[in-house]
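There are two complexes below, and they share chain A, which is joined by chain B in the first and by chain C in the second.
Right, the complex of A and B next:
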């Protein structure tokens, strides 16, 4: 009997804690969506019920922001960044795991050490480099520093450990060169790993704020995160319009996640079965 | 069909030599099995033949042509792996035709060869399935099919049945034997299962520590092992080894005295052995009978009744266990004292270095 009460109390505590955590995770999204339907004043007052200002907010947002251009800029940067990062990092992860050399581990550890360097320390040298290359105010300047991601290389190397070496051997006996093994065997077999990495890198690139803020200076090149930030930092910010912007900015990442969530989960658990 | 020759083949990883000078001639159409304990180098040697491991020194020739530096796909070999190594994203048909597609073979010819192999291996209904939709045995058949379509000069099998359950293993063993008969191609097969080796091979290569211990037909190795290792490795249950010393016997004949078995004396046919020399006597479990002139006084420790025969595990005092195979073991029980008789002509004698004394 005492045991039963204890177990029930434990379950209550666990579910209360999980409920609180779920609330803390979901509430910002909930508030963002509700905020898009309310006027700025209602939002400031803390109204958490659906309002009637959605049409006005949307209208104001599209009047103030050249939405197609801004979303196109963000999409271009995010897609380019993701494709290049995945290409370079998967090649590097495959190489680090498959090819043996005396200095492999040293080189790998040196690469991982770059994770310790905060971006703030890299900003100025990167800005100077981009300036010297004449790339300031271009989307290439936003994409280039993101391509060599130590974290994504690390992720691909760890996942490559599960890639059966016998598949590579079989492909060699079948007459494939190393690049063909990578392209025709490794990439399709590891597609869940690519899907998981795609979501992570795409979200990071889409939400990137600080570096684009520094290198993108004209309105024609700005991304959605910069535009939302400028809306929020106006003298009298219209929070309803800001919320519309954030809702719209969230949609592409949500779409990518829902589209790839099965592969994402599989990729996180290990690609090869 | 092709001949394969290995001449003083060596493989080193840094300062560690794992294959220590292997010489081997494999004739056209022969079924050769490499056996040995884990880490003996049998798979490494197979991979060197396949071109998946570099050869540190020595010569590998196929049909007289040196193959050391030739690409795996150009050696005329096909390999079947332990884990099947089927491409998981391709159907059975695509898996089987993949190598041919890369070799630039015409589509119609690929279809013909895949169809032919599928027919031999009864894979027709499975051609459009992915590997994950197949059972272990079916996957193994696809792996063999993938090898067949290439029309290789030599098939290489790397422990192909290890991942299958006992029943399927027996079935696939028969399939492989049938395949060898049908295709009459040279096969090099690696296994640690001596039943596979004994039943499939024309020639067995026993390896230990990167060295070939003995090469011969299955029954040659069984009846006439060159050393203690081969004698112990071939045969299940393994040969009994009894420690003793050479002594003068009746007249010219020598005998071995076994101090752990109540000083039993076994007459042996060995030349040039000095009395007093320590030796090991090997007796196979099935060589014990009821009428042999030599006998060991033993007490049964444990019995394994297999229906048709019984394995009795017996010992003298605190000596080593001796395994006796008998057809008349149903009446025996643990604790029974028996006189385990055998014909001394069946006993093999080995010196302290494990070399056979003849």
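Right, the complex of A and C next:
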């Protein structure tokens, strides 16, 4: 009987703890949506009820920010960066796994060491390089350094281990060239790997901040992340407007998460299985 | 016969192998390897903008006489030492609770706790800045429950500003670490836990004697990842403090200091590169130390 009470108390404790953690995790999202409906003063005063300022906030947001252009900039950078990253990384992951050689194995290990290079140590030379190439304030400059990613190569190599070698053998008997095997057999077979990698790389690019902050200097080239940051760092930020911006910037990733939760988590986990 | 053909197959494999990996190696070489050596070279020079002259170890001497650098280094280490253990432990506890298949509402809890991972670092920093405003929702709640009598000066007091940064990072990354542990726990045979439970091993002992030892490789992996992330902290501090790292540099990180040295003050690329190499060395040392510590405990 004491055992039963103990178990009930344990369960109560467990569920209270989980409930509190879940509440704390979700509350800021809830607060963000509420914030978009409240005036800046009410937000700062901690109001947690829906307000009547949604139309005003949205109106001010669209008056202050050239939203279509800003979202187009973000989307353009994210899509370009993702497509190029996935292309070169899947080629390399396939190459390292299928065509093994001692030299490449050494290079592969050396490449994984680049995972430890902090971006802060790259930004000054990269900035000077982009300046010399005349690419400052262009989206190309934002995309270029993001394409070569050891992490995504690692991910594709790990996933390639599950690629059935019989498929490759059969394709070779049929006389397909290496690039044809890759394009017509590997890519379609590995589509769920691509989907997971797409989500993560896209999200990283969409949310990227420091490098675009350095490179993009005019309002015409800025991304939504930069715009939110500058709206919020005004001397008297209009929090209602800021909340409208964060809701709009978070919606795409939130939607992807809810519709493709499995691939989302798989991509986050990378190849740690 | 096989022996005679090996040479040609080897060459065929090699050419194709190189063709497939060349684009990525070229990009990593141009945008990572070349710049990392360039900034090493820069760290031995000083001057304004592109007018630089060789100063040898002059920049390193300057580091030790630079109170702002010392402050940024101490802050960065504080974030790392305080935040990473809290987050890892919290994520481990959550993962071992959520690993129980009989738990009611398991999927819902898991999704909720993972949700912060979908926000951008800038978006959540901005949200936290609003929530932790002096009269904001956090302070008014704490006052209503009676935990504090007057509002906590989250953004204006050196101690509380640091605490806010730590709270914010923990909110954003605990669920991320948790899913690594959940994935690893799925590979552990549940009967181990059943046997331990029947033998009367209490929950906490099951956690410290079964879960943690079995998850050690994943814990090491996430610790290294979190270390690298925390030592490079930038977005959160920049957006919580309008780019200043205030109040009075209390939240300033190394990355933010480098940014300020390069793009806010009169640019001194050489000195900024030296500070950036402090991060390089820190990351390498901490990762090495963590691998070493894990191996020692193995023996």
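The rule is simple: the second predicted complex is superposed on the first by the 241 of 273 C-alpha atoms of A that agree within 3 Å, B and C clash if a C-alpha of one lies under 4 Å from a C-alpha of the other, contacts with A are read in each partner's own complex, and residues count from 1 in each chain.
In this text, contacts are C-beta pairs under 8 Å (C-beta built on N, C-alpha and C of every residue); 3 or more make two chains touch, one makes a residue touch a chain.
Every value quoted in this text rests on a predicted model; they were computed, and no experiment measured them.
In the superposed pair of complexes, A:176 makes contact with chain B only, with no contact to chain C. In the superposition on chain A, A:50 makes contact with neither chain B nor chain C. Counting residues of chain A touched by each partner, chain B versus chain C, the larger count belongs to C. With both structures placed on the common chain, the touch criterion links A:129 to chain C but leaves chain B unconnected.
Using the contact criterion defined above for the overlaid structures, shared-chain residue A:210 touches chain C, although it does not reach chain B. After overlaying the two complexes on the shared chain, residue contacts for A:6 are found with neither chain B nor chain C.
In the superposition on chain A, A:118 makes contact with chain C only, while chain B stays out of contact range. By the touch criterion defined above, A:167 lies against chain B but remains apart from chain C after alignment on the C-alpha atoms of chain A. Shared contact residues of chain A with chain B and chain C: 272-273. Chain A makes touch with chain B in their complex at residues 164, 166-167, 169-176, 180, 185, 188-189, 191, 272-273.
On chain B, the positions that touch chain A within their shared complex are 47, 50-52, 71-74, 77-79, 81-83, 85-89, 98-99, 102-103, 132. Those residues of chain A whose C-beta lies close enough to touch chain C in the complex are 10, 14-15, 17-18, 21-22, 24-26, 28-29, 31-32, 35, 43-48, 87-89, 91-92, 94-96, 98-101, 104, 107, 111, 114-129, 144-145, 147-148, 150, 153, 178, 182, 203, 206-207, 209-210, 214, 225, 228-229, 232-233, 239, 242-243, 246, 249-250, 253-254, 256-257, 261, 265, 268-269, 272-273.
Against chain A, in their complex, chain C makes its touches with residues 10, 13-14, 16-21, 23-28, 30-36, 38-39, 42, 50, 94, 97-98, 103-104, 108-109, 111-124, 126-131, 133, 135-141, 171, 175-176, 179-180, 183-184, 187, 203, 218, 221, 228, 231-232, 234-235, 238-239, 242-243, 254-255, 258-259, 262-263, 269, 272-273, 276-277, 279-280, 283-284, 287.
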